[in-house]
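Structure in structure tokens, see below.
As written, the chains take the letters A, B and C, and residue 1 is the first residue of each chain.
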């Protein structure tokens, strides 16, 4: 036993899979200690990009510090001149016949663009020459305003008024005034932004991973226990019992499991579908393969001499099955269990994607998150990659780690597969 | 004096275990076989018989490694040759090897005749399909194999037939040495007899120039080969003619082996069967003295320290024991009384 | 305490060593131990019917060593499973100690197995690899009703059984069977039989996986056990030389039928059935020449 365990942990595949899986599990367990937020609580409205959000109101109430940042002006220009205006600059330069092949609208090239612009733009010249696309007065005015914005001292003229009436005080805000983020009363870090309901995606993802693992675990356990029982009985007892059990198994095989799942799910209705109900239903529709393979293993073991000898020693059926058969297939059952957990998680994700998942008002699951992302256009109109891509990555990582553990075990238990 | 088909000088090969330990399974083995002769190799499982068979081909792959010594086939030294060259120029044409499970080695989706084409192609011989077919038919007819078998799939043939077909395929190029490792052990006695008859015919007709036959079944070996060599723990312990070895063994180990023979013949019921106690030593840590000393009933303390050399007593007879032949004979005679 | 005394009596009673006869004793006067009339086993897979054992009759006497000789596929393994009660005959009757055998219920089966035990061909698959040697032997003591014996007594019995087969219990205790060599494992199987002391021992090719030079040890121990306990030994083998050496009577089996039976000297040296004659002539020998000219090489059915 000890020896086997040591071999298992010497298998690099198993070890990598195990480490990935344990990191996921530990994250799920430890994360709530640090972030106490309710995963389903809406924080804002619609998709927010990943990043740190600082309250504007509270920023004004925080103490100011003087910081002279050399590139401050440039950065401001970068954030105030949008891509559209940069394109207009490029178009004008091109119309004027300047070589702009080395320039584009990105932040990296913005500095160069401004320099080229300043060299070539002249209001009078623009008025005189009527460059193509910039022939109208309105267009020329637009260019002028743009040029003014680029030439202005951007740090000038901003003030904040606090209080009302007589007690109102107005303070000027200089370009070199800074606040310390720690001193701002309200700020929030959203590493993965928010979903369409404004929920913190990271917190939701961690919670959903935990729930999905639980679903997989329950479904996998049920499928494995059922499959093991059926397989052992059918294989060892044989005869009529075998025929009956295999008949039932065949029925489950010919009806596609997924279709069965969809039917049961939609019959139950969204309100009565809890997490556990979902897991149980997935479990009882996926035991067939375990049962079949356990049965065939048991049949080949049944005729082994040590089982015959155990019979001759007068051992009961229960004892033979538990001591002479089960230990021999234990490694196999563990491997089957791992695969069942993995496919349970995937089955939940598939069902939820189709809108047949557990009740969406209670808890998030990985599948539900995908479903929400789909419903609210995260893939398409909003282009909110943070709402679905981490979920996909998590599902892939979980099944990758479980499958890696499985092949690692396979290598240990089937020496012929070792390299 | 007849031409030597195979000469082996002090051949040593080793296995390297997963833990990186060296296990010398063939330890300074020297032997030779003359043209038209056969040599049997006997010994318990784990004595290095099969490793010797693999080593004699000159084609090594991990975990088996060549260490030292020479293998000369019909005057050509093949030891230390590049494995690819050995595969192309030695295997099949100079040496043919038949393992125990050979009959299960045929791809069930191809007809028997195809395998012969493969052999010819692998050796890049200038023959077209018609010539190959002709040659195969001739060979099969000569060996008493039905020519129809060439157009059958291996699964259509019985186990004994399949084994004979495999032997015919692997010796189609008339190799100088045929090495057969338990070629008939998995077969019933009737099929075994057929395989043996065919192999003996091949040797008599010169389809193979010499033969090494490995088995743990001594009565079989006695009936098949001219000479018998007994191996123990990777070393040769005795060699002589089949008759000498069975009826007049010198080494205590050979004697032990010969006394475990059971045949359905008159008188054998009354002979007391004896056993050699214990198991062969672990070659990871071979004993310092005589390797058989721990199981030998005649061993003296000196035996456990000093390793005896292989004595040549003439007439092709060698043995490895610290006692002289006369001493051993005297003890045996005393024991038989 | 009272039950302990009783158990002890049961065990000691069977340990009385009665030496039954020697090699050429006439066993036909001994009481019948196991006999069969028209024993048949048919296997049905789909539409294919295979008659593995075809109406065989046999009489095994107390203390006799019987060999059933056959090549692979002759039905000898199926027959041995029927004798052991692991497989039901489809037709015919098996008599155990003169009475028709009744193993219809689990309890009756267990009772029957107190009287018949087996040693199988492959020592490596005969043991549950998860159980230690001690538990293999303790099981036998339990089966003989020694469950409540004091621990020291049990160890004494196990030590005795091991020393009967030249093994040292002190070295084996707490070890797993796979740590032993094949020969040692097979000897431990004999130690198990020594503890169980059944009336009948069925040995299914017990030496075929063992080197010839260790084979004699196993055979010797089986013969010694037979002589000490007077048990009937049914020896299933394909090795004619072995059957000739060891048995008191021989049954030759071909395609599910017994083609010849009798004393080994008669069957092996003066065979009458064509099959036996062929079998004997096909076995390589050392004193008589082995006639290779009888072989029909073109026959590719066999």
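Operating definition for what follows: contacts are C-beta pairs under 8 Å (C-beta built on N, C-alpha and C of every residue); 3 or more make two chains touch, one makes a residue touch a chain.
What you see is a predicted model, and the numbers here were worked out from it, not measured in a lab.
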item: By count of C-beta pairs in contact, the leading pair of chains; value: B-C
item: Greatest separation from chain B - chain, by CA centre; value: A
item: Centroid distance [mean C-alpha coordinates] between chain C and chain A, Å; value: 65
item: For chain B paired with chain C, centre-to-centre distance based on mean C-alpha positions, whole Å; value: 34
item: Residue numbers on chain A that touch chain C, as the complex places them; value: 304-306, 308-314, 316, 323-324, 327-328
item: Interfacial residue positions of chain C with respect to chain B in the complex; value: 23, 71-72, 181, 183, 211-217, 219-220, 238-245, 264-265, 268-269, 278-280, 282-288, 290, 292, 294-295, 297-302
item: Chain C contact footprint on chain B (complex, rising order); value: 44-45, 143-146, 149, 157-158, 160-161, 164, 188-194, 196-198, 200, 216-220, 222-224, 246, 256-257, 259-269, 273-277, 279
item: Residues of chain C touching chain A in the complex; value: 84, 86, 106, 109-110, 113-114, 116-118, 120-122, 125-131, 139-140, 143
